[in-house]
Amino acid sequence: MSTAVLHPETDGHAVGREVMLRADKVTMKFGGLTAVDSVDMTVHNGEIVGLIGPNGAGKTTFFNCLTGMYLPTSGQVTFNGSVLPPKPREVVKAGMARTFQNIRLFPNMTALENVMVGRYCRTSSGAFTSIIHGPKYRAEEIATRERAAELLDFVGLGGEGGHLARNMPYGNQRRLEIARALATDPKLLLLDEPTAGMNPQETKDAEELIFRIRDTGLAIVVIEHDMKFIFNLCDRVLCLVRGKVLIEGTAGEVQSDPRVIEAYIGSPKTKENPDA
Amino acid sequence: MTASATTRQRAYNVERIVGLVGGLIFAVSAFFPWAYGHEALDDMAYFGSPSPLQWFAVVMALALINCLAASLLEPTLNNSTGFLKLLGRISKRFGWIRGARALAIGMLAYAVLAILAVALELNGLVNLEMGAWVALVGAGIAFGSSMMLPTGRAPFLERIPSYPVLEIATIALLLMGMLFASAYALSQEDGGTFLMVLVFIGALAGFAIGSGFGSWVATAGRRHRTVLVSSAFLVAFLFPFTQNGSDANMSIATQVLIFAATAVGLNIVVGLAGLLDLGYIAFLGAGAFTAAVLSESAFATINWHPPFIVVMLLSGCISATLGLIIGSPTLRVSGDYLAIVTLAFGEIFRITMNNLDGSSGPNLVHGSSGIPAIPNLNFFGFDFGQSHVVAGIELGRFANYFFLMLVIMSIIILVFTRLNHSRIGRGWVAIREDERAAEAMGVNVFGLKLLAFAGGAFLAGFAGAVKAHVDVSVVPDQYVFLESAFLLAAIVLGGMGTVMGVLLGATLLKLVPEKLRFMSDYRMLIFGLLMVVMMRFRPEGIIPNQRRALEFHVDDEELVEDVEERLPYEFVEFEEVPA
Amino acid sequence: MTFLDPLINGLSLGSLYALIAVGYTVVYGIVQLINFAHGEIFMVGAFGALSTWIVLGQASANLSWWMLPLMLVGGMVVGVTVAVLMERFAYRPLRHAPRLAPLITAIGISVFLQEFVRLFYGAIPGFPDAKAAVVFPQIEFFTGPAIEFGGAVIQRATFFTLGALAVSWAFLWFFVNKTKIGRAMLATSQDPDTARLMGIDVNRIITIAFAVGAALAAIAGTAHGLRYGNIDFKMGFLAGLKAFTAAVLGGIGNINGAVVGGLVLGVVESLATVYVPGQFGGAAWKDVWAFVLLIIVLVFRPQGIMGAKVVDRA
Amino acid sequence: MSKKTMVLGVAALLSASIALTACGSRTAETSAATTKTAKIAVIAPLTGDLSVMGLGIKNSVDLAIKQANDAKAIPGWTLALDAQDDTANPDVGANAATKVAADKSVVAVVGTLNSGVAQSVQPILNTGNIAMVSPANTNPSLTIGADPANPKRTYPNYFRVCTTDAVQGPFAAQYVYNTLKLTKVAVVNDKKPYGQGLAEAFAKEFTKLGGTVVDNATVNKDDKDFSTVISVMKSKSPELVYFGTEFQLAGPMSSQMKAAGLNVPLMGGDGIYDDKFIALAGAKAEGDLATSVGAPIESLASGKSFLEAYKAAGYKDGYSAYGAYAYDAANAIIAALKVSLPNSADAAAARPGTITALANVSFDGVTGKVGFDKYGDATAKVLTVYTVASGKWVAKATDTAK
């Protein structure tokens, strides 16, 4: 697969180490609880950034702040130089797409349809042309379908398009969710625990898929608990503990930091509240 | 073969034969009188001369005999050679036992209904003749034995190769059959007769579905969708010509169409976008009041009478504006809260219309007296109030409006189905399935919800504009909560997210009470009970959108397999892209 | 007329709303179900109380004060029975169905109960025909002449309604906070799955929630009969809708909220009748103002005045 | 073995059945009709909330038809009743009217109860040339059109035996001002066409006479609680409350007024002149007033015989508020049919003649003199004021409206 699959309108790799996403002192409070406490993060073009931390560290909440699902209590998120409005739809349009920790596919749509929904924000035929089957509708509908089929192929679900999402094996559902996110033509992909619940082989496949996505020029932020996976994959890793950045550095630096290990082993088990 | 297997085989054969005998008894009973008096049902007091209803009994019995005989002979046929073997192989594709069961249930209901009707109409069971009891016994035997038979395999008739001519001819014939069946059913003045005709049609439909013929027709219908749709409209168009110039049924048919058009509009909101609207009748009302106020009625309060096309568009726009207003809270509230908000809006509409009478508010609609004496429509000299003779058949006032509604209905159906199959329709499904995920995937959730409200309301406004002229007067009390509940019931009963379902639901809800006047006092009671029972056992309705059915049956694996095997019409077709 | 008159009228009406609203809120707090048919329980309860009087007091035209407790018990028995049956056979099978299903079921039950009473109440020997309004016995002590109090006129039935609300509220507080079942209800409303794991019979708790709501609705039905002198089969629809408005106004799921919401709604309606000037004032528009208030609250403060247990209801 | 027995049994049953049947053949059906049948249809709510009144109408028409048939009022013709339910809903009413119009044996219609339904039914019956006599529609515009100042008959087939709001309201106002000598009244209406029209007509006449309307209030027809409206009225101390509505609301209003200490009489139109009003209003209803059309039924010979005949016929439901009017309406039709039917080949042919004949009908009915003016309104302007005394309606004064 070539970059053309994922970026039909741009050509080739993104250049240099331009800053794509910058989170600036993002803080999120729920009542008295500070779930995310002035977190800074930058993501550059073509980079894979890992986000780790024990349960309840605020990783998913931070994701929700990035993608506009939450309005941060303070701090701001800039994407390609402009401040993002707190609306998921605008965020997607700007070029940031995500997957969910607990898979949130549209269960009663087929795989193909799920991916086609991802194309929604990149198409624009309205009610009128849809009703009269105008030329715009025809062109877009064909393009949408073809593109969705391509993406299914890309994530390795080539022949599965006709299956209902709810009837697919777990691993395929994860892939499908990634395909759906890719359908929005993102420049940055946010993956929330893409290998949760997978066996080693599936994890390996997922890793391979993420590399392939990165190779097409996308930047990726990934939340994971599987350390081996993270350290294999990521250029940089942030470790969040109790809403604060504990450490930021290369995979090697973070891996060897004793505070990380302590945070994982010493942290009390609290129930994480993903996206309430 | 082991001994036990043999006995089981034999046992079932006994049941088949008993069932056959039951069918035979049922058929023969038709040639005996069922009732003592001539007034009951369609006069069943003759010996050797069956009434139409009795002939129907014969038809059902013959179909049952055919089913059981085929299933009985099938092993023999399969063991023989040549033509007989071919027959056997064709026979294997049918679900004979399922068909027989549906027929037997129908026969039993038919006989019981006949007995009840005769007893009620002639005051007492004494007035039943032996024939009716014989029919009951026959039906009972057939029912008992068919229930004891194993269902056997599912039919797979739809997988036989397609013969386009045969398929198209079948579709056309079936629809013509439906036309005559509905004309016949409607011409029945007697409530009992009407019900029995319905049972007969239902039993035949059950037989068709059970034996596999139904799914063959469905597949054929999918292959030749244009033929199906256009012949359906043709049949609807021909319907007034079957009425011999009488307007009595046309009045009901027109109201059914208006009701159905509104319900299809509501189905956009409920069935497609998955939002509940309990105040939908207000949109129909808004359309009707707009048309009334702008009509040339002496009671109209606005002295501007544009042509009807303009009025219709204006009605649609005003309803759509109301839809936008009612839809706007969807940004903030959802689910049950939204239902309550819409209900409150509906009540506000009704009370406001009542108050716009010059004393509690500006005099726009004369308050609770409403606007009467709305003149008939007149298109380029074609007066909708006059009868016209076409091909020797007189078409009355309601027939004229029926044709107009048919045009509007086709527009509404077009809007509904095309939207459903577009990017917008996919957006609605996504919102229904997981609103937050849809939002996170860039779907304009609020915009699409508003579109559903406004679009549905626009169509209802259209229908309302015609309704004002059909009804001649527009009164606020026509637009109460109960009517909204009825609209919703049409969808729930007929099927969420399908046009056919809503048409069926609307027809049943409007027609049955008209025909069954003798039980009209219990109409609402039955309506309430029906809602509860439907939600318990078939929440997706009689003819559901398959995706809606999936949503209502979270754990039904069989249904999932079924859907995946042949992706129904409402799904995007998937063909494998060559790598 | 002083300002007190409409205020007292409003409180009196509002306390009826509040008694019904508690039923919506208790059930909602536990199963997140809007029991649309709850208004009909109010109606059925009133008919239950009336039936009790017909059986026990009609023959001797007994209007003594002690008939009232008997009528209340009768009304509660009927109301609770209907509510429990309704929960068991209509709602319970739908507990995991999409939200549309129980809502439509509720509409169906509502229509069914109304029609059932209309058609069959009069068919019971000795009972009046319920196709139109039925006269409710005027128990002497609670319906005598109005009492003038500091310039305001207070009807005796108002004392009963307000008193019934106060007693019911206190009882509910005790029941929820001090009894084992009440605490089990609280636990279930927080997290039904965990509650189940802790050995709480969730089905039983839900049934109890329906029963408690029905008992209060039956009290409201009886109070309604005393105050207005008649009851009819349709009285549950509008009262139920208003009471639901009250529950949402106060914050659905919150018992105190239902009480406050009911009183506020009653007072708003009453004051709107008197104080909204011009054409849009008067009783003709008061329901519009009540519903507008509901919509405004839902849009701008979905958690209600006192705060709801669950804010985001999808 | 058992099968054989069964077969034998069935055969025996079948042969018995043949032997017992009074059978002929389907084609040989000839019954020489000696009398022709004409139907009078009733369109009224026979089910639902208002069925009490609708059934009263139906039974009263039935009674009139039976009496006419027994007396062989129209030689060569038998009259029959065709009762259609309109469920008080204009849509259903329109269907009923279409059905009636399509039935060639129907000559005339008694109906409807509600003015709103009448609006839908009028034009359909008018197209079919079917005379329609309403026992209960009080909306003036049904006969005189939209503009009262410039009356114009909209549908020539429409007649009514009851008086309109425009007659009854002023009559009540005159009684209150001239006879009771009261000058301050509060006027309430229920926002329904009947009540609103009546209350407005009352208020207009009362002000014209020199009285003061101290408060003009409305209530909703679904309301139960009138306390606030009563508080407002009480603060303006009226001497009488005129409530344009039917007994369903008026009864509770009366009882709530007195419970709240507003101890003045309540007055209403013929809609509250019903025993149910007294039951709902309770013991404090003493002194409440109502007007109703015609002289008291018991005072007329025709009225008494109606009451007796109705009782003797043993109907399950009472004749209710509009039974007497319906009886008069049916008799008006029968009187017209005496003129139109004998000259007609069939019922449908008699339709236009019936309309013409109705315009000239004149006889003493149960509610007084029955006849119609050029708009189809009742010419009878005799009204009676009733008051509640010892738990019963008692006639107080009968007079002709000016």
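The letters A, B, C and D name the chains in turn, as written, and every chain counts its residues from 1.
Definition applied: contacts are C-beta pairs under 8 Å (C-beta built on N, C-alpha and C of every residue); 3 or more make two chains touch, one makes a residue touch a chain.
Remember, predicted model here, so these are calculated numbers, not experimental data.
Across the two candidate interfaces, A-B and C-D, the one carrying more C-beta contacts is A-B. Centre-to-centre separation of chain A and chain B, using mean CA positions: 46 Å. Rounded to whole angstrom units, the spacing between the C-alpha centres of chain A and chain C is 49. Measuring from the averaged C-alpha position of chain C to that of chain D gives a distance of 37 Å. One inter-chain figure worth recording: chain A and chain D are separated by 73 Å, centre to centre, where each centre is the mean of the chain's CA atoms.
Contacts with at least two other chains are made by residues 282, 284, 287 of chain C. For chain A, the set of residues touching two or more other chains is empty. Shared contact sites, meaning residues of chain B that touch two or more other chains, fall at 351, 354-355, 359-360, 436, 521, 551. Chain pairs that touch one another, listed by label: A-B, B-C, B-D, C-D. Of all the residues in chain C, the ones that touch chain D in their complex are 1, 5-6, 9-10, 12-13, 131-133, 135, 138, 143, 145-146, 148, 153, 155-157, 224, 227-230, 234-235, 238-239, 269-270, 273-274, 282-284, 286-287.
On the side of chain D, the complex with chain B involves touching residues 10, 13-14, 16-18, 20-26, 46-47, 51, 84-85, 87, 89-92, 94-95, 98-99, 101-103, 115-116, 119-120, 122-124, 127, 139, 141-142, 145-147, 152, 154, 191-193, 196-197, 200, 216, 218, 220. Against chain A, the residues of chain B that register as touching in their complex are 414-415, 418-419, 422-424, 426-427, 429-430, 433-434, 436-445, 451, 455, 547, 550-551, 560, 563-564, 567, 571-572, 574, 576-577, 579.
Against chain D, in their complex, chain B makes its touches with residues 25, 28, 32-33, 36, 43, 45-47, 49, 51, 129-131, 133-134, 137, 246-248, 250-252, 255, 297-299, 351, 354-355, 357, 359-360, 367-370, 372-373, 385, 397-398, 470-473, 475, 477-478, 514, 517, 520-521, 523. Within the complex formed with chain B, the residues of chain C that make contact are 34, 90, 93-94, 96-105, 107-116, 119, 237, 241, 244-245, 248, 279-280, 282, 284-285, 287-288, 291-292, 294-295, 298-300, 302, 313-314.
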